[in-house]
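Structure, as C-alpha cells:
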Amino acid sequence: MADIIVLEKMNKFYGTYHALKDVDLTIAKGEKVVVCGPSGSGKSTMIRCINRLEEHDSGRIVVGGQELTDDEKKIDLVRREVGMVFQSFNLFPHMTVLENLTLAPRLVRKMATGEAEAIAMKYLTRVRIPDQANKYPSQLSGGQQQRVAIARALCMNPEVMLFDEPTSALDPEMISEVLDVMTDLAREGMTMVCVTHEMGFARSVADRIVFMDQGEIVEVSTPAEFFAAPKSERARTFLGQILAH
Amino acid sequence: MSFDLSLIAVSLPKILQGLGLTLNLLAVSTLFGLILAVGILLMRLSRRAWLIWPAKAYIYFFRGTPLLVQLFVIYHGLPQFGFIRQSVLWPLLREPYWCSVIALSLNTAAYVSEILRGGVLGVDKGLIEAGKALGLSKFQRTSRITAPLAVRLALPAYSNEIVSMLKSTALASTVTLMEMTGVARTIVADTFAPYEIFIAATIIYLVLVWIIQTGFTLVETYANRHVRKT
Amino acid sequence: MKFMTGLLSAAIVGLAVAMPAQAETLRVGMECTYAPFNYRTPEGEMAGYDVDVAKGIAERIGVDLDYVCQEWDGMIPSLLANKFDLIVASMSITEERKQKIDFSIPYRVSVGRILGSKEAGLKLFDEAGKPIPDAFNGLRFGVERASTYAKWVEAKLPGAEISLYDGAQPMLLDLQNGRIDIAITNPMKAYLDFLSKENGAGFEFVSPPIDEAEYFGPGVGVGLRKGNDELLVKIDKALDEMIKDGSLEKYSLKYFPFSIHPSNWKGVGQ
C-alpha cells in the first residue's frame, strides 16, 4: 500500500523550546492512526505540521508525494487533499451551514454553486443533519457543529482526514454522535490521523496507536498490544490515568 | 438675556442651506478616508518594517495632532511655499473645499485604519486556520473570512467615527466654507443671538447623528443576523 | 460752627474768582496703545492722529489737555463717571453709543477700500466712483463676516462670488496666496498691516474710498457727556475749522499716504 504521509526525522522548535524531536512516522493509504499522549506532548503540533499550519524546522514531511517546503503552490496542493477537524469546530460564523460547506469547493475546486450544494447536501445527510443546511453555526449544538465541520472537510473530497481532539470541547452527551460519524468514515476507507483520548474509539477503529510524550514518539503499537501491554513505562502511566476516569 | 424661540424657527431653514455642503464633506471625506485607511491598514499588517514604520508614523501623527491644526497647516501653511502655488496641486489646494476634504480624509484615515485593525485582530485565528486547511489562498481567506468578520467587529467603532466626522465638518467653517456651522456663525455675527442660532444648529446636528446611529444599528443587526440572541 | 461755615464759603468764593485767571484743563480719555491713532512714543510723548486732533481742538478753544489712559471696555463708563471730559479715541459714532453720550461731527471717516493685485490691472469702478458690477464677474471677493463691508457688497454686488472671513488677517493671507482675487476692508488697517509690508508689495487699492454713511456709519467723533452743549458746539466749530484749513489733511498724511478725514461734512447728526 502506498504511503500517503511520511515524516522523517522531523524537528520543530518554538523559539528555543524543542516541541518535536526526531519524529519518524509513515502512514499508509487507508490507514487509521490514533495519536495519544499527555497534554503538551506535541500531538497537535505534529498533525498541524502535516498540513503546514506549523512549519517544521528540520527533517522531511511528504504528503501525497509532495514534500512540504516554502513553496506556497505545493502547500495549497497538499492542503486541498488533507481535511482537518479542529477541537473548537472553527465554522465560519457569518456563513450558513451550506455556505460553510460550499465555500472551498467553489473557490478552490472551482465547482459550480449547484454542484457544490448537491455535494454539500450529500455530506450533510451522511453526518445526519441535512435539515440544518440553512442555519447559522451559532444556532446549532456543539455536536451538530462538529459534524458540520467534518462534512465541510469531506466536501473537498480529501485523501486524508486529520482530527485534533474533535470531541474534547463537547458536552458528554454529544460525543457519541461525532464518534459515530467518524466510525462510519473509517469504515468507508478514509485515511485518518486522529488525536483523541477516546480509547473506546481507538480500540475499535485504529489500525495503530501512536503514543507521544515530551515531543517524542515513544511507542507505536496496534490497539490490542497497546491496551493489553504497553511497551513503555510512560504509556502505562498515561493509560492508568486515562482509564481511571 | 431674553430668549427668542421664534429666532430658532427662523434660522433653522437658513442653516439647512448648509446641509448639502455638510453632507457632501462628510460623504466625500469618509469615502476617501476609507480607501486610504485600507491602504494604511495593509501596510500596518504587512510583515515588512519599511511598510509598517511609515504607517505607524502616519497614524501617530494624525491621531496625535488636532484636526484644526491639520486643516490650518494644509490651508494656511502649504501656500507659504512658492513651489506649492506653482504645482499641479494648486488648483486643488487653492480651494477651501478641497483643503477641508483633504484634512478630514487624512485625519479619519488614521482612525479608521486603527478601527479596522482592531477588527482584524479580533477575528478568531482558528477561522483563518480552518480556511488554510481547506486550501483557500491568502487572498480568499482575507476576502471571505478576515475582512467580513473584521468589518462586523469594527462597525460599532466605525459608526462612532462617522458621527465624529460629522461634527468635524464644522471646522470647514474656519476656512470660509458655508456649511451648516459657517451659515450659523454668519447669522450669529449678524444677529448677535448666539444661543438661538447655535441651538438651531445643534438640533440639526442631533437629528443627523440620530439618523446615522439608527442606520448603523440597522446595518449591524443585519450583519450580525448569524449571532445567536441569548 | 458759624465761623467755620463762613470760612469755607470765603474759600470757595476765592477759588471761583481765581479760576478764570488760568486756562481751563480738559481731560481726554484714550487707550494710549492704539498706534497710529493714540499711543506713546518711546520717549513717552503722546502721539497719533487722535492726539493731534485733540491738541488742535484744545488750541482753538483755548484749554489745556490732560491725557487719561483708559482701556477700551471702560471708555464710556469712565466718561460718565467723570474720570475725564472727552473721548478722543477713534470711537465710531453709532446709534447705540449716542443713547449714552454725545458725539461731535466726525473727524475721521469710516470707509472701505478694495485691494487687489497690481498685476491684474483691475478696473472695477467707473469715473464717477460707482462699482461696475460686470467687472466683478469671476472674481473671488474676500469679505469679513457680518461686517459693514459685507452689507455693502451684498447690496451693491449681489452676484459677487464671496468668501467670508472671521478677520482681516486671514483674509489678507488668502489674498496674498491667490485664493481670493480682491478683498474689501478698512484701508488704514490694510495699509498698516499689509500694503506697507513686504507681503503686500504686489497689491494696491483697486477702488476709491467707499464712504457711504448708510453702510459705514458717519465715522469717528469726539465723545462727551450729555448736557455739555456749549462745549459740544465749540468742539464742532473747531473741527470744522480744522477740516477747512487743511489741518486734518495734514495730520492724516503724517500717518497714511491718503487722507482719512471727512472732506466735506454736512453738520452734526448726519
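Just a few scattered comments:
Letters A, B and C mark the chains as written, and numbering starts fresh at 1 in each.
By definition in this document, a residue touches a chain if its C-beta (ideal position, glycine included) is under 8 Å from a C-beta of that chain, and two chains touch if they have at least 3 such contacts.
Just so it is clear, the model here is predicted, and its values are computed rather than measured.
When C-beta pairs in contact are tallied for each pair of chains, A-B comes out on top. Centrality annotation: B (chain centre taken as mean Cα position, compared with the mean over all protein Cα atoms). Separating the CA-averaged centres of chain B and chain C is a span of 47 Å.
Averaging C-alpha coordinates per chain places the centre of chain A 92 Å away from that of chain C. Every residue of chain A that touches chain B in the complex is listed here, in rising order: 51-53, 76, 79-80, 82-84, 86, 88, 90-96, 103-104, 107-108, 136-139, 149, 152-153, 156. On the side of chain B, the complex with chain A involves touching residues 124, 126-127, 129-130, 132-137, 140, 144-145, 148-149, 152, 223, 225-228. Those residues of chain B lying in contact with chain C across their complex are 76, 79, 85, 94-96, 174, 176, 178, 182, 185-186, 189-190. Note for the complex: chain C touches chain B at residues 145-146, 163-166, 170, 173-174, 177-179.
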